[in-house]
Every structure is written in structure tokens, then in C-alpha cells.
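Next come the structures, one after another.
Below, chain A partners chain B and then partners chain C, in two separate complexes.
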Partner chain A sequence: MNVLTEPENTILEGAQRNGIRSYKLNRRQKILIITGFCTALLIGVMIAAQLMSNEGIATNFTQQNLAPSWSHPFGTDWLGRDMFTRTIKGLAISIQIGLLASSVSVVIALVLGMAAATMGEKVDDAISWLVDLFMGVPHLVALILIAVVLGGGAKGVIIGVALTHWPSLTRVIRAEVMQVRTSQYVLVSRHMGKGRWWIASKHILPHLLPQFFVGLILIFPHAILHEASITFLGFGLSPHLPAIGVILSESMGYLAAGMWWLAFFPGLSLLVIVRAFDVIGDNLRLLMDPHSAHE
Partner chain B sequence: MRLEAKNIGFGYHQNSWIFKHISLAVESGEIVALTGNSGCGKTTLAKVLAGYEKPREGRVELNGKANTFAGYNPVQMIFQHPEKSVNPRWRIRDTVNEGWPVDRELLHRLGIEEAWMNRWPNELSGGELQRFCVARALSPNTQFIIADEMTTMLDAITQAQIWEVVLDLVKQRNMGMIIVSHEEKLIKRICDRVIDLEAVLNNCEGEIKNLDLKPDGLLVSQLE
Partner chain C sequence: MNSAKYVAGKALRMLTLLIALCIVSFILVKNSPIDPVQAYIGADMMRVSEEQREQIAENWGLDKPPVEQFISWAGAIVQGDFGTSMIYRVPVLTVIGNRFTASLALMGVAWLLSGIFGFLMGVIAGMNKGKLIDRAIKWYCLTLAATPTFWLGLILLMIFSVWLGWFPIGLGVPVGVLSENVTLSEKIYHLILPALTLSIVGVANIALHTRQKLLDVLESDYILFARANGESGLGLVWKHGVRNIMLPAVTLQFASFSELFGGSVLAEQVFSYPGLGQATVQAGLRGDVPLLLGIVLISAIFVFTGNLIGDIICSIVDPRIKEGRASV
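Coming up: the complex of A and B.
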């Protein structure tokens, strides 16, 4: 139909459509529901891990190598441990480590980004050089190096992930601060007699907060995946912990024996969790950005 | 009060100049128009006069002293694009009160409705936003107002309403005003003096040429 020649009809039709499907949610509501669902999933995993008894991950030789069934949804391994319990507990550990590492990372990014944008050219040059340096080295190499130097374990993984994931967010925050600092409303504010700190706290920081949270949530999946991968490679968490990386690396030897469930379900769960964080991060950005918030 | 530019020059890039050797003065109670084709540097000159940009050479003085820009600046500028002059993350109530607690009467006279105060900037039209920007700039401490195409995006009735309020206050408080505008009729009606920036830049490198108005209010320039 030609919209130009029959505008009234089009509008009428649109109104009717809205009338008939009045229960249809708008975009904001849909995004809120999806975000809520993902958040509930993550919190559910954390709570479930706390509530589950350690019985499931105790060695039980009467139930070795069972395929997935109703009593063991993810099957059992060669020591008779319930893979479902191990996976949930492993995910909880991954989420905790990821949260800690990405928080530290984001704080580093915020401090360095603000410093680069406000403390003059020399500081900016130094920080930009540091960012380039860290971005030039592959994540995993730097991560393994740091983790090994710190003696591995949870401490090594957390510090390693924290120290390797700040550069890209630092760049974003630096650019963001520079843009706001020279924006017209900040210049007007200065003309109104407002001081440096007032402008930093009232104009610039609120502008960075969404970047901060979105950055935090988007670094999260990286942190979890990198934690899992260096643990898989043997530089990370100790084998006693039911971490996803440990589970995956252990199960490698048994895959050839046809025990596909050992790697399949934990791997799939990891992907689901990572994706959930991704979705939350993207949706938060849409909700917080004033230009798209009311679409 | 006297806002004076002494032999100022400015350019955004190292080796290029937008204008050079410009001197002009505006007294309290005087309304001066700044005209010229688009792109000739009117807005830039206005920004330098208001203190938003530092002149590369020469200086801008307020009552014979360099404007130090510490504290509330007595030279306030109203910009062409109000949506850029307000923080998109602030409710308009906070924005309008940023410089001084704006009195209700002024808001009312500018046609601002009470319901608008709690809105976000993206929920207001350009004309509505501009009224807030005008109110914000008209603090009792303001001595000079520089209006850069202040009402260009508004309809005729709103334009008249805003100009009436602003001119009334300018007269009442004996403020000086510089108007950057293309609208001949407006300029003819309200301005004491017209400075054609383009003519100045083309003709001479020295003293700025003031194009005076005839006693009957018509311009002696190409505006006629």
C-alpha cells in the first residue's frame, strides 16, 4: 500500500492493530522481562549451589559412569559423582570469581580512564601506551603469565583476569570523559560558576555510571571463559574445586570412551550462563541510555 | 559596565585565523546586532566575547579588567541549539536551577508550564527547552547577554513572547546585549547598532566598522 497516498487508512489500520493486540508488550517491557529472567537464572544458580549438599559430589563407586537419567540429569562420572551437582557448584564458583575479577578490572578502567582524560597530556600518553601494550599481548598469554607468577590458584586467576581485562573499557571511559568535558552543557555549567569537582561528580560521573555497569557485566563472560580456559590448561584453580574448567579438562580423557555427557552438559551450561550475562549487559545499555530508554 | 574586545584574533587550528584584529565594545543598556553570512565566524566571535573560547591574541575586558571566569560569569550566552546546552541525564528542574534559583514569575512569563519541570530533556521540544535556557541565563548577576540565534527554531508567536520577556528584563536591569541573528526585521526593531562581521573582515584589518542606524531606525548597510 502506498503510504503517501493513503495515510489515513494506514493510521487507521495501525490503530486497529493496536486495539486488537492490546496485550502486546512494548519494547521496554520485553527487555525488562528478558533481563529479569536472565538475572533470576544467575541468582538461581548461586542459591542452588549453596543449597545443594556435598553428597552429590562425594565419590560413590556404586554409581559410576551412568548416562543422563531422571535421578542424574547430567549423568555421573568415573568416580560416581553427580555431574549436575558438580556443574551447578562449578558455575557458582565461576560466577564468584568472574564477579570479583571483573569488578577489580572495571575499577582500574574507571580510574585510569578518568586520569587519562583529565590529568594532562603526559598522563594521557602514558596510560594510552599502557593500554596499547596490554591490548597488543594476547589475553591468554598475559593471563597465564600472571597466574603462574602468582602461583596459580584462585588468587592467581582473579588477579590475572583483573589485570588483563581493563584496557578496552579504559579506552571507552577516556573517550567518554573527553566528550562530556567539552560538551556544551558542561561549558555552560562552568560559566555558571561551578567548580571542577562539582562538574566531575554531577555531570561526568553520572554519565559514566552506565558505562561502568555495562562494562562490568560485559567483562564478566570474558572473565568466566578465561577462568575456565586457564583452569582447563592447568594454570588456574586447583583440581579439588568443582570448577567448570576442571570438569572439562578431566572429562577430556573419557570422551573417547563414549561418555559424552561429561563435557556436553557442563560446557552447555557455561555457554548459557555467559550468554545470560551478555544479554543483561546489552539490555542494561539500552535501558540506561537516555536516547533509547523511552523507545 | 562595558564589555570590550581589544584587538582580538582567534582560530581553531594552529595556522588559520577565523578573524584577526577585531576591537569592539558594548555598554550596559545597549543592544547590538552581530550579522554576517553563515560560516563567517559570528558564533565564534560570540563565544570569545562570552569567554567560552580564549582569544589567541588580544584580550576581552569587562570594565577594563580581564574577565577571570572564576565564579558566576556576568557574561552569559544563550546558544542556538538548546538540546546541547542541557544535560540529557538531568531533569529539567535541576538544569534550570543550576546557576541560580530561578523565580517562578520569570518561568511563568516565558510560558513554561509547571508540568514541564519534572520532565527529561528528551521529552521537551526545542522551543520548550530554549525557554529554560533563557531563564537559566537571566540571573540577577548577569550583566551581558549574548544571544546566538536564540529564537531561530521557534514559531513567530513564541519568538515574540520570549523576546518581549528578555528585552523587558534587559531594559529593567540595564544589561548589555549582543544578538547574533539573520532576521532583518528583528534587528531593525530592537537593535541600537549593527556590526556586520563579514564587511569588517573583508574591508579592513583594523578597527571594526560599526554600521549605525539612522534616527528613524533603518539600517545604513546592505540590510536596507
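Coming up: the complex of A and C.
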């Protein structure tokens, strides 16, 4: 018995064609796959850095200044250290500092953003003034000042990077809270006699969670790049650590000798890592934002 | 009238921020492990006795309480006396003045180039939404935004100086020539690579922003109406689009002074360009407190000025701001 009418048949055929022959993915699936790939890359770097022995970054004068090859994909430097191992370990350090710094910044942004939006005009003015103050000094100069004041080293970089990345996210969160606070359902809720705390935790906070996570991931790239920059300038991590900034500033002395791989690969790897965080953050925002999630 | 009030308000806010910045940086530096006497003496450490150290400290008023020190320091700043740079042994303002001219040339070129090219790229991308060129520009901008400025500088240095040999490796002026004998063309020659680095990095933000704005504008009703009237292509974008996206682009470009300054610090370090950025790094590394504080203040004034110019242009051109900002 033919129960299927003509149009349904075509739809089924179409579905089969899509499903079996071309494997055409919808946008959501594509985004999930790309995000998953980037996440795997980052986790892979972290694990690889732990697994790699310190042998590769030990001085080895039999293997000085080698150009990239199969046994040393990124080449070796003037002390015979394997640049691939150094780069991976450097990236892992960068990711750790980035994680720490962006967590601190996001918490500061959340607290200040909420306070600005809910605690009255005076607090709002004070916080927006504070945001302006932090944004008024060139970011790199502020980082240098903090690093110098704290006497340089890892402590200086971490504190500097952690304490200077909250202003823009604070503005975003403040605007978000303002918007939710004046929306119809919050007004209704208030008229029904719900308390401040109830509204904050049941209505406002759920709206902020996506901002919180996306903000956390999107601060990462900035934090990592700033850490590398400040280390490159000589204020940050100690020269003994295989940080990307250290590797690149050391490489400057050997560029004239034509050892391009010393700078090229470590910098490129940093770029890829930063971009991976960007992609994850942007895609999460697309998925979490109901306006764009079903496009 | 309203527009003047708006700008005056902004300027007043800038002043309070600067005062606060003075206080914060002073407290920070006061509590830092840097010993100003030690930083001043530097290499002459062995030849300076304990009594002489105390004399220097007394001479600078370092034995007085912090608040008193701050008042005398702030008073001097107001009168335009930023103190003496410890590493260059000349007044801080002289160092900053000399260095800033070099940096301004660098930043000015990069600012103009990145503004113009960024805007054009944004318009091209926005007009061709979803096409190959749009995706290419977007990809290029997003990648650049993730690129460490100093690494890009190193790559350009390798390509143009080491491989092609077109440019010198480092040094803002030729070696062995007195600074007053350096010709303008030589200065320009040494400016090209760092300016190129900053311009390449600088286009990303403005291009992405312009693209988004143009897309928003192209979806509006008056564009639909213009299309219905038979307008299309470049003419349509020029007449209705560009006017609307020009203003935010200009504001954004003026608001980018902070990143521009940071970028120039890195670019100057890579190319050994003798600008303010290099002085910042030197002052920081060698503990030259007066110079560092001077640079912090001057760079903040630089950023504030950028924002203020942007605001002024906006308030003059945009009638909505002129009528007050009640809607914001």
C-alpha cells in the first residue's frame, strides 16, 4: 500500500540524499566541529607540554643551529635546544597564565558590572570613572608600570595581566544587567513582591552566565598576547623559562645570521593558539545567544 | 551650546582622571622595590659613599613623608617640571619631547594608512557580504588581530632586511652620522618598516567595524527605498552608506591611540627605532622612575586627547549628540 503521498516522498528522498550522499552539515554542526577541533588543539598542547621530557630543551652542542627537519620540526637554536619542544612548553606556560589572568579579570568585571548596574547612580558613576581611568593609559604602558613596580618576573606579569583586562567586559556586563533589569518580566516580578536577591539570582544571573563564559574565553587571546609582548620587552617571565616572548626576543640576535626558524615557528604557533581561543569564544557566543543560535 | 557643554564635560572628566592617575602611579612607585638613589647612581655604585647617598636622598626630599613628597612632586608637574631622567641625565620633558617627535611621525603614518586602508577594506567586504572577497578580508583581519605585533615586525625584518637587503637591520638613523646631519630621506627610509608593521596590524579593527556598520546600514529602510528607486552598487553605498559609517569609523580610529601607542612600543623595540616606546622600555628596565612616570602621564594625555578629538568631531558632525544625549 502506498501511504506516502507525492510531496512526502520527495521530502524523504531529499533527506536521504542529504543524509547519505553529501553529508551536508548545518551551520550548528559545523560550528560544533570547529569548536571541538580548536578545543582539542589547546588541550593537546597542554598535555604534550607535560609529556615532553626536558631533554629536548637541554643544551646539546652536537646539534647547534639546525634548520627544520623531520627530527627537529622547528629547528634547533645556538645551544642545540629543540625549538619544537621549547615552543610547546612556552605555549603551555602562556595558556596557564592566560587562564589565571582571564579568570581574575572576569570575576572583577562581573562584580563591578553588577554593582554598576544595580547599586545606584553614584556607584555607577564611580565605576565608569574607574573603567575610563584604566582605559586611559595605553595598555602596554600600564603593564610595564605594574611589572616594574612589582619588581618584574612572573609575579609582575600575572598580576599586571590579571588586573588590567576587566574594563571592556565590565561595560558589556553593566549594559546587559541594565537591559535585563528594566525588562518587562523583571518589573512584573518586582511588582509581585520578589526581593532584590531573588531577582538577581533567578533573573539576572542566568543572563550573565553566557557573557561570563564567553568573556572568559575572549579575554584569553588578549591576555596571552600581552604576556608575550611584555616578556618580549624584557619585563616578564625569567629568561630561563621557554616562554614565547623570551624565545622571540632571543631570536632577534640571530636573525641577521639567517636563522629564520627561531622566530618564525614559535610566533606562528602563538598566532594559531590565540586564534583558536578566538574561534572558540566567537562560536560559543553564536551558540549561546538565542538570536543567532538557530540561524 | 550643548555641544560645547558636552566637550567641556569630557575635558573636565579627563582632568580628574589625570589627577587620579598621578596619585595612583605615585603610590605604586613609592611602594615598589626600586631605590631611586640606587637607580640614579647606577654604575658609579662603588665610588659613592654612604654619606653621599644620604645627601642625594635628602637633596631629593626622600626623607620626608610620602604625602609631602607627593605634594612637591605634583606641584612641580603642574609647573611643567617632570624632574630629570636618570638614564639620559637631561630633563624628562626634553627626553619625551625629542622621542615623541620621532614616535609621532611613526604613529601618524601608521594611523593614517591603517585608517584609510582599513576603511576601504571594510567597505569592500560589506558590499560583497558572503562572497569570496568578504571572507578573505574577514579572515585576514581576524588573523591579524591574533598576530603578535612584535612577531610581525620580526617577520618583516627577516624578509626585507635579511633576505632582500632593502632596509637596514635596526637603528633609527645611520651609524656614525651625527643626529643633526641625518637627512629627512634617511629618516623616512628608517621609518618605513616599523610604520608598515603598525599599519598592517592596525587595519583589522577598523575594517571589521566598518564592515559590520555597513551591513547594518544596508539593511535599513532608506536603503531599501533607494534600491527601489533604482540606485545600486557603488553609487548607492557612496551616497547613503559611507556618510553613515564614516563617523563611527573616525571615532574608532581616534579611540585607537592606546593600541597605537602600545604597538609603537613593540615596533620600536624590534626595529631599534629611537622613539618614545624605546624610551619607555629603557626607563622601565633600568628603573628610571621620573622618566617612567612622565611617560605614563604623557601617554595618558595622548590617549585622552585622541578620545576628546573623536568626541568633538562627533558632537560637531552628529546632530543627535548636539541635541543632548538623553537617549543614551
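As a convention for this text, the second predicted complex is superposed on the first by the 273 of 295 C-alpha atoms of A that agree within 3 Å, B and C clash if a C-alpha of one lies under 4 Å from a C-alpha of the other, contacts with A are read in each partner's own complex, and residues count from 1 in each chain.
To be clear about the criterion, a contact is a pair of C-beta atoms (placed from the backbone, for glycine too) under 8 Å apart; a residue touches a chain by one contact, two chains touch by 3 or more.
Everything quoted here is computed from the prediction, not taken from an experiment.
A.B. asks: Give one of first, second, both or neither to describe whether A:Ala263 is in contact with chain B, with chain C, with both, or with none.
C.D. replies: The second partner, chain C, only.
A.B. asks: Check whether chain B or chain C contacts more residues of chain A in the superposed model.
C.D. replies: Result: the larger residue contact count on chain A belongs to C.
A.B. asks: Could you say whether A:Gln184 touches chain B, chain C, both of them, or neither, answering first, second, both or neither?
C.D. replies: Touch partner of A:Gln184: chain B, not chain C.
A.B. asks: Which partner chains sit in contact with A:Ile47 here, chain B, chain C, both or neither? Use first/second/both/neither.
C.D. replies: It touches nothing on chain B or chain C.
A.B. asks: Look at A:His207 in the shared chain and tell me whether it touches chain B only, chain C only, both, or neither; answer first, second, both or neither.
C.D. replies: first
A.B. asks: Considering only the touch criterion stated at the top, classify A:Lys194 as touching first (chain B), second (chain C), both, or neither.
C.D. replies: After superposition on chain A, A:Lys194 lies in contact with chain B alone.
A.B. asks: Enumerate the residues of chain A that count as touching chain B in its complex and touching chain C in the other.
C.D. replies: The overlap between the chain B and chain C interfaces on chain A is empty, containing no residue.
A.B. asks: Under the touch definition given earlier, write down the residues of chain B that touch chain A in their complex.
C.D. replies: Chain B residues touching chain A: 50-52, 69-73, 76-77, 79, 81, 84-89, 95, 98-100, 120, 122-123, 136.
A.B. asks: Mind listing the chain C positions that touch chain A in their complex?
C.D. replies: 13-14, 16-17, 20-21, 24-25, 28-29, 31-34, 142-143, 145-151, 154-155, 157-158, 162, 169, 257-259, 261-262, 265-266, 269-270, 280-281, 284-285, 287, 292, 295-296, 299-300, 302-304
A.B. asks: Considering only the defined contacts, which chain A positions touch chain C in the complex?
C.D. replies: 129, 132-133, 135-142, 144-151, 221, 225, 228-229, 232-235, 244, 248, 251-252, 255-256, 258, 260, 263-264, 267-268, 270-271, 274-275, 278
A.B. asks: For chain A, which residues count as touching chain B in their complex?
C.D. replies: Interface residues on the chain A side: 183-185, 187-194, 203, 206-207, 290-291, 294.
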